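I've put the structures underneath this note.
Note that chain A is present in both complexes that follow, paired respectively with chain B and with chain C.
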Partner chain A sequence: MDENSLEFDMVGIDAAIANAFRRILLAEVPTMAVEKVLVYNNTSIVQDEILAHRLGLIPIHADPRLFEYRNQGDEEGTEIDTLQFRLQVRCTRNPHAAKDSSDPNELYVNHKVYTRHMTWVPLGNQADLFPEGTIRPVHDDILIAQLRPGQEVDLLMHCVKGIGKDHAKFSPVATASYRLLPDITLLEPVEGDAAEELSRCFSPGVIEVQEIQGKKVARVANPRLDTFSREVFRNEKLKKVVRLARVRNHYIFSVESTGVLPPDVLVSEAIKVLMGKCRRFLDELDAVQMD
Partner chain B sequence: MEDDQELERKISGLKTPMAEGERKTALEMVQAAGTDRHCVTFVLHEEDHTLGNSLRYMIMKNPEVEFCGYTTTHPSESKINLRIQTRGALPAVEPFQRGLTELMNVCQHVLDKFEASIKEYKDQKASRNEATF
Partner chain C sequence: MDTQKDVQLPKQQPMIYICGECHTENEVKSRDPIRYIECGYRTMHKKRTKRLFVFDA
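Up next, the complex of A and B:
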């Protein structure tokens, strides 16, 4: 596991539940993302709606558990459900540039609009709750638009809490997937040059060639590393020797976060979402049976 | 009139109130007339394969259940029909409730194990980092 990605094994669980976790990680764990963009001035070459679309896809570093969903039909938004950001960039000519330079970095000032130009505008008591610098886009070097002298972008963004089912911008993972642990069995002992050949048919590290009593013998060392290219079945001699299968209930999950929340927190939240769904129907049933 | 008698629709869902007074049922039960309570179709709103498949799996583990299956009615509609038929005279609501509770227990167990192993991994990493200094 590192800062943004996590690989873990779940053993003894069934496909239905493993898939449920994967689906929830992709579509039902909430995050904050830009939803409404109020454009005061946009004289850049990028159209308003394209610019708004790009802004929506920027991951925002804010813990969605500290916010509520916005009520439907609520235009303004309160401090408990909305984050406001301001983006104001104007491009001008650089008076100190060399006469015959053609490098835009030298000729123009502020000609590229990055996410670092987005400033957070605290609403209500948000300034007390969130220390300076915690509410920001995850990456500050995402290029939003390019400008030339005289062009300006001046807009206000409202971020709300949402889930991936509604729009993919709310998905907290770059991707989440699982695979089953490979199960490689050698049906007969493989020795000598055939052993070397066998080890080359699989991904490096899967088959280990050991020297036992002077002979080279192949042994399955680490089936987890195999990517299942099935190269061994293209080899006439070796295809009868190997049986390739999967271990039925050993799932290797791989979760890559966009940076909003650490990946282990995302998995915990996904499990809690599934529990919440069950609880909701249990409460419904109890209420119905009381009638 | 005949049709109404054919299908005795028991809409027994709790109406959860929403902001502008819009009411939405989350759960309905449909039961054909003439049968007793041992085969029932549950209509779950705002749900899809995520809950449907995992719930079906948990309910099928119950030996009293003769049939359990779910379908999505149409991809544009966000609801599933979950049908449960029990052997004998056990009311179908009971395996449904048991399936939900067991699914919750499975999730709780997975959560506990996951958090324990994450903690163990972080402790191990911390002690390994200390050892290199």
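Up next, the complex of A and C:
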């Protein structure tokens, strides 16, 4: 595991449960993202609606558990459900540029609009709740738009809490997926040069060739590393020796976070969402039984 | 008195148009020939409205 991606195993559960976790991670764990863009001035080449679309996809570093969903029909938003950002960049000509320069970095000032130009505008008591610098885009080097002298972008953004089911911008994972543990069995002992050949048919580390009593013998060392290329079935001699299958209830999950929350927190949030759904369903059943 | 004020206000704001070729702003007064001095372009564009637009991201 590193700070944004996590690999873990779930053993002994049914396929439906594993798939439910995957789907919840993708579509039902909430995040904060830009929803409304108030454009005061946009004289850049990028059209208003394209710019708004791009801003919506920027991951916002704010813990969604500290916010609430916005009520339906509430246009203004309160401090408990809205984050406000300001983006104001004006491009000008650089008076100190060399006469014959053609490098835009030298000729123009502020000609690239990055996420680091987004400033957080605290609403209500948000300034007390969130220290300086904690509410910001996850990455500060995402290029939003390019400008030339005289062009300006001046807008206000409102971020709300949402889930991936509503719009993919709210998905907290840069994909979450699972695979089943490979099950590789050698039906007969493989020795000598065939052993070396067998180890080359699989990903490195899957098959280990050991020297036992002067002979080279192949052994399945780490089937987890195999990528299932099925190269061994293209080999006439070896294809009868190997049986390739999957362990039916051993799931290897891989979760990569967009940076909003650490991946282990995302998994525990997904579990909480599933528990909430089960709880709601059980309550519904109890209510029906009582009638 | 109100109509007098209304007539005066727009006159005080100079109309700034943008040259079609080099995109520099220049002020054009009424009855001026439409032509940009620097590059001789005869097409002028109006500036973007100051009105607010709200978009869904």
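Note that in this section the second predicted complex is superposed on the first by the 284 of 291 C-alpha atoms of A that agree within 3 Å, B and C clash if a C-alpha of one lies under 4 Å from a C-alpha of the other, contacts with A are read in each partner's own complex, and residues count from 1 in each chain.
Everything that follows uses one rule, which is that a residue touches a chain if its C-beta (ideal position, glycine included) is under 8 Å from a C-beta of that chain, and two chains touch if they have at least 3 such contacts.
Just so it is clear, the structure is predicted and the values come from calculations on it, not from any experiment.
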item	value
Clash-or-fit label for the pair chain B, chain C on chain A	fit
More chain A residues in contact - chain B or chain C	B
Which superposed partner A:Asp264 touches (first chain B, second chain C, both, neither)	first
Partner chain in contact with A:Asn41 - chain B first, chain C second, else both or neither	second
Touching partner for A:Ile24 - first (chain B), second (chain C), both, neither	first
Partner chain in contact with A:Leu285 - chain B first, chain C second, else both or neither	first
Chain B versus chain C as contact partner of A:Asn71, first or second or both or neither	first
Smallest separation of CA atoms, chain C relative to chain B, angstrom	22
Complex contacts: residues of chain B adjacent to chain A	12-14, 18-20, 26-27, 29, 44, 47, 49-51, 53-57, 93, 96-97, 100-101, 103-104, 106-108, 110-111, 114-115, 117-118, 121
Parts of chain C lying in touch with chain A, wherever the complex brings them together	23-25, 48, 50, 52-57
Complex interface listing, chain A residues touching chain C	33-43, 48-49, 52-53, 55-57, 148, 150, 157, 169
Touching residues (chain side chain A, partner chain B) in the complex	1, 8, 10, 13-14, 16-17, 19-20, 23-24, 27-28, 71-73, 264, 267-268, 271-272, 274-275, 277-282, 284-285, 287-289, 291
